[in-house]
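Chains here go by letter, A, B, C and D, matching the order in which they are written, and residues are numbered from 1 within each.
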Amino acid sequence: MVKTSDSVEPSSVDTARIQLPYWLAGLLRHRLSVIGGSFILFVAFLAVFAPLLTGFEPTEVDPPNRFLRPSFEHLLGTDYLGRDQFTRLIYGARISMVVGIFSVVIASFIGVPLGLTAAHFGGWTDSAIMRFIDAKLSIPGLILAMMLLLMLGGGVLTVSIALGINLSSAQARLIRSQALSVKEREYFHAARAMGTSNWRLILLHMMPNSIQPVIVQASLGVGFAILGEASLSFLGLGVTPPTPTWGNMLSLAFQYMRSAPYLLFAPGVAILLLVMSFSFVGDGLRDVLDPRLKGKI
Amino acid sequence: MTTQTNTENDAAASADSASTILEVKNLSTQFRTRAGLVKAVDDVSFSVKEREVLAIVGESGCGKSVTALSVMGLIPTPPGEIVGGEIMFGGKDLLQASDDEMQEIRGGQMGMIFQEPMTSLNPVMTIGKQVAEPLRIHLGLSKAAARVRAGELLSLVGLPDPLEKLDDYPHQMSGGQRQRVMIAMAMSCEPKLLIADEATTALDVTVQAQVLELLIRVAEEFGTALIIITHNLGIVARYAHRVNVMYAGKIRESGTAADVYKNPGHPYTAGLLSSVPSLMQSTSGKLQSIEGEIPDLTDLPSGCAFGPRCPYVQDRCRLEDPPLENVGDDHISACWESAQFRGTT
Amino acid sequence: MTRYLLSRLGQSIVVFLIVSVVVFFAVRTVPQDPIYALVGEDAEGYTPAQIETIREEFGLNRPLPVQYMSWVGDALKGDWGLSFQNKLPVIDLIKKRIPFTLTLAVGAMAISIVFGISTGVIAALTRNSKWDMMATGSAMFAVAVPEFWLALMMILFFGVTLGILPVYGAVLIWDDPIEGFRLLIMPAFALGIGGAATLMRQSRSSMLETMGEDYIRTARSKGVKEKTVIIVHALRNSLLPVVTILGLRIGRVLGGAVVIETMFSWPGLGQLAVSSLQKADYPVIMAIVMFSSAAVIIANFVTDIAYSYIDPRIRYA
Amino acid sequence: MSMTTSTRSVLDIRDLQVHFPVNRGVLFIKNKGAVKAVDGVNLSIAPGETVGLVGESGSGKTTVGRAIIGLVKPTGGVIEFEGNNVLEMNSAALRQFRRQVGVVFQDPYGSLNPRMTAERIISEPLVAHHLFNSKQERRARVQELLEIVGLNAGMASRYPHEFSGGQRQRIGIARAIASDPTLIILDEPVSALDVSIQAQIINLLDELQDRLQIAYLFIAHDLSVVRHASDRVAVMYLGKLMEVAPRDAVYDNPLHPYTKALLSAVPVPDPEIEKKRERTILTGDIPSPTNPPSGCVFRTRCPIADEACAESIPELREVTPGQHVACLKV
């Protein structure tokens, strides 16, 4: 749009408000978000009702039936111990979903307060927090996660914590930069001039007006966390066997690549589609919540 | 809108066609926005004579800037689109011109200065290169010659140390200096027409005066006609020969500045003039204001768009949009009640 | 500009110091006493006295802050201690592996930059065309695809099925350019494609934003040809945010290298990291983290220099 | 030095200084010089009076307003509110002071929190100062305020984006008067509005002043608006006051060369007057406040400056009754 005094776009800031029906309506108009959202719900359904959807146990070994090709009985075939791949896939979905969501929740609980504190108090507090975050960011994410796992031990919760700590710095940086711009807005000055307390300033003025990109980032973050968990499990460092995860399924498939290449596909495609779905929803949220970027990304 | 007015305009134009350099006929420009279709400029006709200073005045959303951008062929498409009309310039209809032809006209025969001095210059390119660019494109000057000429132009617009400024970047300059650079750039090829779109709105009063005086001086020196787009009624009074008053996408009144200010032909113009407090004498009590709000362009009232805010509104105004009609010598206005309104003023 | 760069340098040093403190204390507060990494899980065949001797030999009996100071002091002199696993100097292990990781990282970054920026700019300029759709669509795909799975697919297709590319090992490109290159293609591609997607999205949105700026309109009002508007006025401005992303990519590439190097038996730092972590070989782990963190910090610093070179607003600040 | 004419003033600013440090240095921040945004300003406002504070960018007029309401910390001077120095108040007194001083900002889009309804925005000062403690009382007060500023009480549940620019400014004004202030700082209250809406808001402010007996500090750059709205006018340039006088004196008989130039730079919407007016066009730009000229800060652009002006800083002194001018040549 033309940036002139008589801009013809009727107050584009308008759409920035956050009201549940509004953004949901916006999302529902965003075609890819609907596709992504539906797929996420589908995977969630599989994960929750996994025991009802299959006749096998995920860790049930059946040596005579090892390396079976996909068939009616074994939809996706069996692995080197004769375990049913479809069963392992839907049980693996539980790990991916739980780790993805836990990580982001942890990241937000660390990142949002850090970012808001840095922005609101500024000065030394800000510098200290930001240098610390820079330091954290300078350690390659996967290496950091591996170190944390070494300290904390493997498992769903520790993997989520490791990945959550990883994602938290992006959250902190993002909300800090948003909050800094809120700090320059006149409504914030007005509230300060009235003598509004620090708590009210942060919770009523700063946070609601800077949280949007964090929400967008969170939905993208779920995808990153799913990828991260898969990588860690692939390396044998995340959630440890025999619990099935998409990452350790692929790790096994890698070892038996020549004898059973079909094992390589389903977990990979599942990760890809689930991560893509979260990024569709994230893009949709961005379009709805931040009209400035509409259609640009 | 009305053929009657158009033929009158045509007649006026052809009588004096030797000196008319720009003629806009029935221009309509629309934008598709999420809120709906915006008729930013709706059936606008006007002309500019050689060396004339025309002001287009109005409040936000009136369509004054979109008119200018339409003339320059700079409407971003999509979402904007010129849906009708003619823009005659140098014997050619610009709306039919090819991209190459338009590029030749822009910056060569027609220049434009924008509102925001801080963002209108390329931040990573030196001032010298930016001023030299039109010289190289339109006059075919060599790099060295263009640089020399750019230095001359910078000194013409009154920048101190013009030769050193050639290698400076925009962020090293003040807003006033940047607007001077914009003038140097827009005037570099001595265009026939220069459009200044709120060119001094962002500047301080004392700097605004400097830049406006400079603009007028350079335009006179180069024989360039000016279209000044502004919301500042004082600027119009000081510099314009003619004035078009726009409201909600349409020209509501047009005439010589002296005539329009002394004897406004439209209740909107009159309301606008009386809304501005006086600098020359102290007033107290209520200012005469126009009641209500500027209408939403996606949802204009029926009939005359000014109707809902107009103190003289009649039933007819709510049904039919009034055409532009003569209200005096070289003075037109679009108001059903203009006779009655002017009688009471 | 000197002042700007000096202040960035100062910040980088502070950040690096924080990393060293955090890494040191994080590794040393591991629930497990590092001595057991040295002598084995159950310290079989060692008497308590012997363990104490080893503890002393490796300086593990001193207070932590003292150990930290001596670790930093020695590290600055190039002495990173001995690997617990094979008692070799850590610095030698690292030195041997740096060229491999560097080759891989440069290859991956090159793929990211070449594919990412060009497709991003083209997509922006042909907005909503079929090129844009294709580029945007493949970027969506590439951002979401796990790099190790992409690597698996490539190994399966090019290595196993077609047999046209080697799937195992590494030769330095200056030792054997052809074989080195053939070995590099798949890992570099697997590692670089995610970055390409990120850069594509970033440069597309940045280009679109730039094309809407006032100075682009100014250039058009001067009669500048559209091609020149893009190349001269828009490109450089729109690359500014892209450069920032580039600096951040290094960290992602080094992280990703951990998986990719393991898969392709690429003898770089990532592979060393995995094997050291599995063996809790602390001196090596600390050295790897410090080296990769240094690489990221240096990359960011170089980005700052590049940025200030492109953007005169910083150069003359 | 003091130019306080009324002993009974709401606000009395004496020798106010706001200097922002310019930080240099790499690891250790060194303080090198300062931007003297406000440098020795004296100003008083009587109850129910409107003082116009005009100046161009960099003049420090906005900083004066922000210093009063505590958004920036003065580096020197005294801000006295009803006889007590605001800068030395304890928190209870400060709370009371904040209740009695309202503020209206320029940007009708930026000055209202987009996530709050009009009701919550207007009741913010009531909550902050524990006024009208029951929910019903507060709601009734908000509706009363909405009607006072010319809005429909039914609009209370709307969000800022559902209002036009003028309506938003009305909400901002309702918020400012909610806690019954005796002084309101108006920081460019109409400059972002269209001409026809400006007049409505100016009228509203006038009306409220008559009704509620509020004093205004009217900070603006539009000289016509300031003339209409003010009883007295103070002209600032580069952090210092150039001239302070009753409005007619400033506009009809300006004494400071800067005031004269400023007035002559404003075009008047009347072609006939414009033809006859003589104008002084100042040369050059406003100097940077980081590095202001020695002596009189205006001397670099002043048509009558000489060497003396570079040497001594002119004090603000009463030249004709009530008219204070800071110029060696007057």
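Here is the rule we use: contacts are C-beta pairs under 8 Å (C-beta built on N, C-alpha and C of every residue); 3 or more make two chains touch, one makes a residue touch a chain.
Predicted model, so just to flag it, every value in this text is computed and none were measured.
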Common touching chains of chain B and chain A: C, D
Fewest hops from chain B to chain D - one hop per pair of touching chains: 1
Winner on C-beta contact pairs when B-C is weighed against A-C: A-C
Intercentroid distance (Cα basis), chain D paired with chain C, Å: 53
CA centroid of chain A to CA centroid of chain C, Å: 21
Chain A-chain D separation of Cα centroids, rounded to whole Å: 48
Where chain A touches two or more other chains, by residue: 1, 3, 15
Multi-chain contact residues (two or more partners), chain B: 59-60, 76, 114, 116, 119, 231
Residues of chain A touching chain C in the complex: 1, 3, 131-132, 134-144, 146-147, 150-151, 223, 227, 230-231, 234-237, 250, 253-254, 257-258, 261, 264, 267-268, 271-273, 275-276, 279-280, 293, 296-297
Residues of chain B defined as touching chain D within the complex: 59-60, 160, 174, 176-177, 204-210, 213, 231-239, 257-258, 261-262, 271-273, 275-280, 282-291, 293-294, 309
For the chain C and chain A complex, residues of the former touching the latter: 11, 14-16, 18-19, 22-23, 26-27, 29-31, 140-141, 143-149, 152-153, 155-156, 160, 201, 204-205, 208-209, 212, 214, 248, 251-252, 254-259, 262-263, 273-274, 277-278, 280, 285, 288-289, 292-293, 296-297, 300
Residue numbers on chain D that touch chain A, as the complex places them: 66, 69-71, 94-95, 98-99, 101, 103, 105-107, 109-116, 121, 124-125, 128-129, 159, 161-162, 172, 175, 179
Interfacial residue positions of chain D with respect to chain B in the complex: 56-57, 164, 166-167, 194-200, 202-203, 206, 221, 223-225, 227-229, 247-248, 251, 261-274, 279, 281-286, 301
